[in-house]
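Let me begin by presenting the structure, written as structure tokens, before commenting on it.
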Amino acid sequence: MLRFLSRRLLQGVFVIFGLSIFIFVISRIIPGDPAKMALGPRATETAVEQLREEMHLNDSIPEQYYYWITGALKGDLGKSVNTKRAVVEDVSEFLPATIELVIVSGIILIVVSLLLGVLAARYKDTWIDALIRFTAYIGIAIPSFVMAIIFLLIFGLVLQWVPVLGRLSPGMTPPPTVTGLMMVDSLIAGDMAAFWDAFEHIILPAISLALGGLLQEARILRSAISDNMGKEYIAVARGYGIPNNKIMNKYLLKPSMIPVVSVMGLDLASLMGNAFLVEKIFNWPGLSRYGLNAMLTKDLNAISAVILIIGLMFLVINIVVDIIIAALDPRIRLGD
Amino acid sequence: MTNELLSIKDLEVWYKTYRGYAKVVNGVNLTVNKGEKVGVVGESGCGKTTTMKSILRMNVQSAYVNSGEILYSGENILKMNEAKLQEIRRRDIAMISQEPSAALNPVFTIGEQIRDVIRYSDTKKKFTKEEMQSKAIDAIKSVMISDPERILASYPYQLSGGMKQRICIAMGLVVPRNVLIADEPGTALDVTIQDQIHRLLHNLVEEKDMSLIMITHSLGVARELVDRIHVMYAGDVVEVAKTDDLFKKPLHPYTIGLLDCVPKLSGGGISEGIYGYVPSYINPAPGCRFASRCPKATQICREQKPSMTSVDAEHSVACFNYQ
Amino acid sequence: MSKTVLQVNHLKTYFTVDKRKNLFVRAVDDVSFSIDQGEIVALVGESGSGKSTIAYTIMGMYETSGGEIIFDGEDIANKKRTFDFKKKAQIVFQDPGSSLNSHQDVKEILSLPLKVHKVVKPSQLETKIIETLDRVGLSEDFMYKSPTAIGGGEKQLVSIARALCSNPEFIILDEPTSNLDVSIQAKIINMLLKLHEEQSLSYLFITHDLSLVRNISTKVIIMYLGKICEIANTEEFYGNPHHPYTQMLLSAIPVVSEEEEQLKPSRIRSTGEIPSPVNIPKGCSFNTRCHRAVPLCFEEDPEMIEVTKGHFVRCHLYGKCKPEL
Amino acid sequence: GGSSSNTSQNSDASASNNASSDAGNTGAAAAKIIRRSVSGTPKVDPAVGSDGGSTLAMVNLYDSLVYPVADGTVEPSLAESWEVSDDNLTYTFKVREGVKFHNGDTMTANDVAFSMNRLLKIGEGPAYLFEGYVESAEAADDSTVVFHMVQPFGPFIETLTKLYIVNEAQIMDNLVADGPYGEFGDYAKEYMLTHDAGTGAYMLVDIQQQGYVLADRFEDYWRGWDNTDAPDQIKFIDNVEASSVRTMIGNRELEITDEWQSTENINAMNKIEGVEVAVMSTGMTQNMMYNTKLAPTDDANFRKALNCLFDYQMISDKILIDSPVSVGPVSANTPGASTDLMQYTYDIEKAKDYLSKSKYANNLADYPVELFVNSDVADHEKIALAFQAAAQQAGITVDITKGPWLAIQERVATVESTPNMLCISVAPHYMEAGSMLATRYHSNSVGTWEQAEWLQSDEIDGLIEDALATTDRAARFEQYDVIQKKLVDIAPTAWLVDLSERHIYQSAYVYWPVAESAKEGTIITLPLGYTEDYRLFKVFPDQIPQ
Amino acid sequence: MENQGRIHKNTFMKESTRENMRMYWYKFSRNKLSVLGLLLVISSIVIAIFAPVIAPFPQHVEAFVDYNNASLAPSSTYWFGTDIFGRDILSRIIFAFRGALYMSIIVLAIAVPVGTLLGLIAGYFGGWFEVVIMRLTDIFLSIPAIILALSIASVLEPNLTSSMIAVTVMWWPWYTRMVAGMAKSYSKEYFIKNAELIGASKFHILFREILPNCISPILTKMALDVGWVMLIGATLSYCGLGEQPPTPAFGQMISDGSKYMPDLWWMTIYPAMAIAYIILGFNLLGDGISDMFNKGRQ
């Protein structure tokens, strides 16, 4: 297990290194003069030159990469020309909101998908199964940004069930920042009103973010369960009189989880990517919106940082998923 | 006939397939008496496993019992309610699976799986962990695996095919039963170990007054172990006889052909094999299913299904040549 | 005396299990035997005893860890197999399902060796395929069937047909019938014997069925845990088995008649454990199960001894500890 | 629309009850707050920010020496009076006394001089307005500040509406020593990201990047608070996403929308009870710029032909509603605009006529015209599509490219990459025709989105420079007129409409002076930002509709 | 004799093919949803091909505006209403099928062969090939698809070609990964061993032995991916990276329309339904294909 982990981490380092080169090159070959872009067309020549110098834009790409990577290793990802602050500062401001969103929708994704998948498998070929499968197909076929728009309008505007924009109602005083996660912070501060308000704000974006993956997962789980239902070991367990619900919850669920978890890893990780659109629509002050803005304004350091961080999180999630799979599947855990 | 413990009557099991129903088990009759060792032989795919799985109602979903009944102590298992069935599964009848590598759940340890079998064998009694562990260890030891603790803590993939097969057998033995169905328990083992296992089963029957149904495709194995043999061909039981009778005086042309194909230790070459191949189960021709391969087939064989006729007190055969 | 097709001398094939702990599986350990032209040599042993490994090493699929493989007078151990070798030596695997590509039809499968070895002109490909199918007793209807559409026995026949395509001198048959029914087995074995008679092919026939061996082979090799225990001509072997393991095997064979029962040595019940191939005990590897083991068996690994001409045994009872008769 | 309910105070009691019981849902709307959507988080450093949102923040957080009046002139603000030397090279301002900064410091002439110097040194924001004109600024005494000019600059006083006065002491206290500005370190640029240093009616409370800018009423504001209904708090919310804005307006979480909302969205929001459209002008014009150096739009006749393919009236009626058809390069309500210029109308025959005179008459097919539109502005796409259809009838192929704002900036950087046509609106930087003419057609603005024409005419450059150096207003306006006539002749641009800004606002409980006068028929033109000086607004939280 | 042989061959080919087809069709059609998926896909293709014939107002997808009929709700003239330019939404949706299919086909036509080839090489040869190729795919897979596509598309011109390039660049690693895994496991199978022992060339082994076995999962994945590519394409065009006006594209129609929700709901809902229709079709079809090739006892 330790060897497995360390190998996985080593691979991660390698991938991150490759990724850093890749994103660096990508962000540097974007045409246009980022310094000019940053200061606007009316800035004076000296101001522009000053910024170019500061951003090392006059050096060659490998040199620029050297500056960037050595900085990055020291935790300095450069300055955003957009917000005019250190990118690290921006990121530390926006990342918690994204993480909170991704965590909540990750939880929704996991819990609801398992629930639906098990439900559909258990009531296979009944109307419950049909309903879940039908919803799943439709849900998968509708792009998540469309879903977000529809949710926003239906629940936010027409029904007015929940507030829809930002992380907290305008009048609420945010709890003191400890973790940066609004819901956790408000619990730490013991501010239940803020907690519920934050919850109401996060629920729609989180659901629209989770929905696609969730339904996909439910479907995979259902078919994994029904595939395994025909396995000899289930027949054997039934033959020994193991109660039905035990078979369902233990003998079937665990092996069926393996394919789900591996896809779920990808889905959880892609939450990061899809958050780009959902945050935009729900005015969620997260990293993805920051990244999108950076891309539209060629904020080089910001782009690199965002991709790097998302890549990192992606890897971290994948490693976590690998660990979970290893926990489920002894072959991976104990095998070479 | 008073000690008849389990009997299968005119069982028909069909599989649903893309070409239609595969009428795999075609009216099988089989009885097991108390304390008896019964063999079921027949070549691969003739429906042995399907028939036996029907007893505990553990066939896959696509299999469906078209007709027939399975009586255990006079009660029809096929019509039994769930609770009663579970009772029988837990205490009375156990089946040792033919596919050891598929029969063990890959994500739980051997111990976990055996303990569950023990735990649910008696729902009224609460077994302690130690009790279960010691029962499990005994069972593992009985199938001649050393280091049972380590085996209990390992996962199926860590064991060889032969080990898994023995684990499956141990699982069937861990709780005493009235009927044990062993589905080709020796195939993954070499002859010397196979021999050990057969001895173990034999002893169990002798000591515990258990009944055994031994499924095999090897006539040799059946001859060594069981009292009475049912020969199956393509979903039908074609011949039933006391073991000695069968080998001395095989009646059904299929039985004769099969015996002929078995390589003999005495040498003398190998016969040409039975002409032709097993017919399709989908839309089988009416009549005897062996007719197309039978050297003695007549018109009637192709038109009607022969019924079981007693030739002797304990020897019956389903063939028009004997009617 | 006919020419020797294959001569294996002190062949070793080890697999590394753990480099750091220096753990090996001695899958094949110091094995020597030879096959003459027109011989059918049976290689018998329980599962995991290294039968397939010998076969694969001969075919060049594994590196050898020592010893010689002399084919057609040339040592080919650890050399890239030549085209000529690939033409002359063929193998038929145990699993008929996996040895045919299910996405090709029989014609395509059989074309490969014919094309690669330029056995016939392209225009005669079809005729040759039909001819080859005929040799294994399949009709030309099979040409356009896919392996998924034919039964296991027929698949194995197609595998054999493929092996025959390049007109080989020597075929290894790795348990070709052990997944099949006796009635199908009978057909295949008969066909193999017919081919053997017609063309004086040499077979290395791997199996664990001693009853079968009795009926087909000219020579028998018994293996246990990577080592050969006994080699003898068939008649000699069944008439006078020497090694305790051989005796145990023969005694355990289930047979179908009283007559055969007489031929078996008296029942020797197997006891003890089969040791793990990674951790073979000191001395004779069979010592954990041997009912006739003497103290020396736990100390020293016996040598191969030629008891009578052509009958070799690896047992102290026939060498160092020969009991006084 | 919600025209029935207005700001009159006689709303019934139940409405106010509902409003208060609804407070949980509408957030703090029960307080006197104005929330306004903006595109991009406003920058609150006057030496850095210059976009719309920043200007809006600046107007409310800071004061300048002068304050613009709707007729294009200015009135005293932090300056009580001023004098100009005879050579027009020295301006002396008398600075108001007793004005307090947000931190309690008193403003002096030193702060004014410091503000100008800091702006020039940093070189960002509105610095370009003064660069090349202002040589230095110094305080003669505590209440007198002197600006020395490099050359005469006619509209200097008007441009001073963009010089926001910052607190010198506060800036100097918060310098980061290690910076590009020598002894001034970073000139407190870092600090000014999150703090204001002004005297304005509102003082910054909180700023969240890509979130909002929040400011509270400054109690010690020097103009005092006669307007007791003025908002206590203002908030700029960085989000112009149509559905979000729409939702916020519906939930009364937003009082005023940004100016970027499409006609359809405005119409849709207008159906919400208690909201209305506010129309105003910042002197902005909607242009279709031609790249005069790129075939085929390098041919004047070809451009004129294209000019005849715009259905100006339809654009004004159907697409850019409330925006009258342009009269020429400068919007009609900008002081100095010529209104008697030759006008193009939608006339395909005439277009064909011009086309036949152009050098591309015989090989139109080889010269497709690329029209670039901002993908964020649906109305521009409408214009482009209508034009494309008309051009097809005249035998011209138009390829429309849609791209984000950034792509526009990239494309206009060089003459080769600038598309044939670019649909862009431009606002004057100060309220005079000269501002528009200089930014649009002087050679030093090529390579920016404000001039995609690449006109680079020495003659025009000279005329513009001369005009701007003319200090006499009337004489200057004469010269503007000459330039405008010349431009019409060259036809570097299709001037489509004088663009009005349209905002949706909560008319039921917000009183907005500029919007009120628009309702009465007068569209007020003020420099960017000044239409929303929130100290002049009134908020009646008890009239928030259900 | 020769003649007879040929007849033989033909009849047998036909018979086995027919038999296979029957089995595939049975497995495929067992799930009625798969048949529905097939119908949806076929109808989408038909719609795309015959768009000019089917669309009630084909001129509305070209340079055309009609502001007098702008933003009309669905009616008997305009079944799906008109957009803010006065163009018939139905006609534009019908034509949008073309672009969506076109994009998916081009992307997959490039990504699948490239990914498959690399996968075959990595899986069969192993060693350094495997290390290099698989790590490369890891790098590409460690960036969320949308972000990778956005960053690539923002480097290039924001048009259909560059968004196709972007999507292609992010798509091949999935095939490499899948095929490498299969190739690796097949290379241990006896039929590959047999081919090697007979002396078949590497080319033969890669393309005649391994590849045919990978075809069915590749096909299954492709059918599902057609939908996903469309989704990504729609997402990119939602972000403004896609077809240029006036050519209709689903993502752009939805993104434009969403600004006018809920009043001009028809501008968003119908295109969204259309894309859901086609994606649903391909998803169901993909499931069907996977059922079809699913081994298991018949």
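The first chain written gets the first letter, and so on, giving A, B, C, D and E; residue counts start at 1 in each chain.
In this section, contacts are C-beta pairs under 8 Å (C-beta built on N, C-alpha and C of every residue); 3 or more make two chains touch, one makes a residue touch a chain.
Just so you know, these numbers come straight off a predicted model, no measurement behind them.
From subunit A, count the fewest steps through touching chains until subunit E is reached.
1
Show me the overlap between the contact partners of subunit D and those of subunit E.
Under the touch definition, subunit D and subunit E have A as mutual neighbours.
Among the chains, which one keeps its Cα centre farthest from the Cα centre of subunit B?
D
So using the touch definition from the top, which pair is joined by more C-beta contacts, A-D or C-E?
A-D
Can you tell me which chain lies farthest from subunit A, using the average of the Cα atoms as each chain's centre?
C
Distance between subunit C and subunit D based on Cα centroids, please, to the nearest Å.
91
Taking each chain's centre as the mean of its CA atoms, how far is subunit A from subunit D in angstrom?
Between these chains, centre-to-centre, one finds 38 Å.
Hey, how far is the Cα centre of subunit C from the one of subunit E, in Å?
The mean C-alpha positions of subunit C and subunit E differ by 50 Å.
Between subunit B and subunit C, what distance separates the C-alpha centroids? Give it in angstrom.
Centres of subunit B and subunit C (C-alpha means) sit 31 Å apart.
Would you give the residues of subunit E that are in contact with at least 2 other chains, written as numbers and ranges?
Each of 258, 261 in subunit E touches at least two other chains.
Touching at least two other chains at once: which residues of subunit C meet that condition?
none
What are the residues of subunit D that contact at least two other chains?
243, 246, 404
Which residues of subunit E touch subunit D in their complex?
Against subunit D, subunit E makes touches at 62-65, 67-68, 70-71, 84-85, 158-159, 240, 244-246, 256, 258-261, 263-264.
Under the touch definition given earlier, write down the residues of subunit B that touch subunit C in their complex.
The contact residues of subunit B facing subunit C are 43-44, 144, 146, 160-162, 188-196, 199, 217-221, 223-224, 247, 257-259, 261-274, 277.
Per the contact definition, I'd like the list of subunit E residues that touch subunit A in the complex.
For this pair, the touching residues of subunit E are 33, 135-136, 138-139, 142-147, 150-152, 154-155, 227, 231, 234-235, 238-239, 251, 254-255, 258, 261-262, 268, 272, 275-277, 279-280, 283-284.
If you look only at subunit A, which of its residues touch subunit D in the complex?
Subunit A residues touching subunit D: 31-33, 36-37, 39-44, 46-47, 50, 54, 83-85, 90, 93-94, 149, 152-153, 156-157, 160, 163-166, 169-172, 280-283, 285, 289-290, 293, 296-298.
Any idea which subunit C residues touch subunit E in the complex?
Subunit C reaches subunit E through residues 59-61, 81, 83, 86-87, 90-91, 93, 95, 98-105, 108, 112-113, 116-117, 126, 140-141, 143-146, 149, 159, 162, 166.
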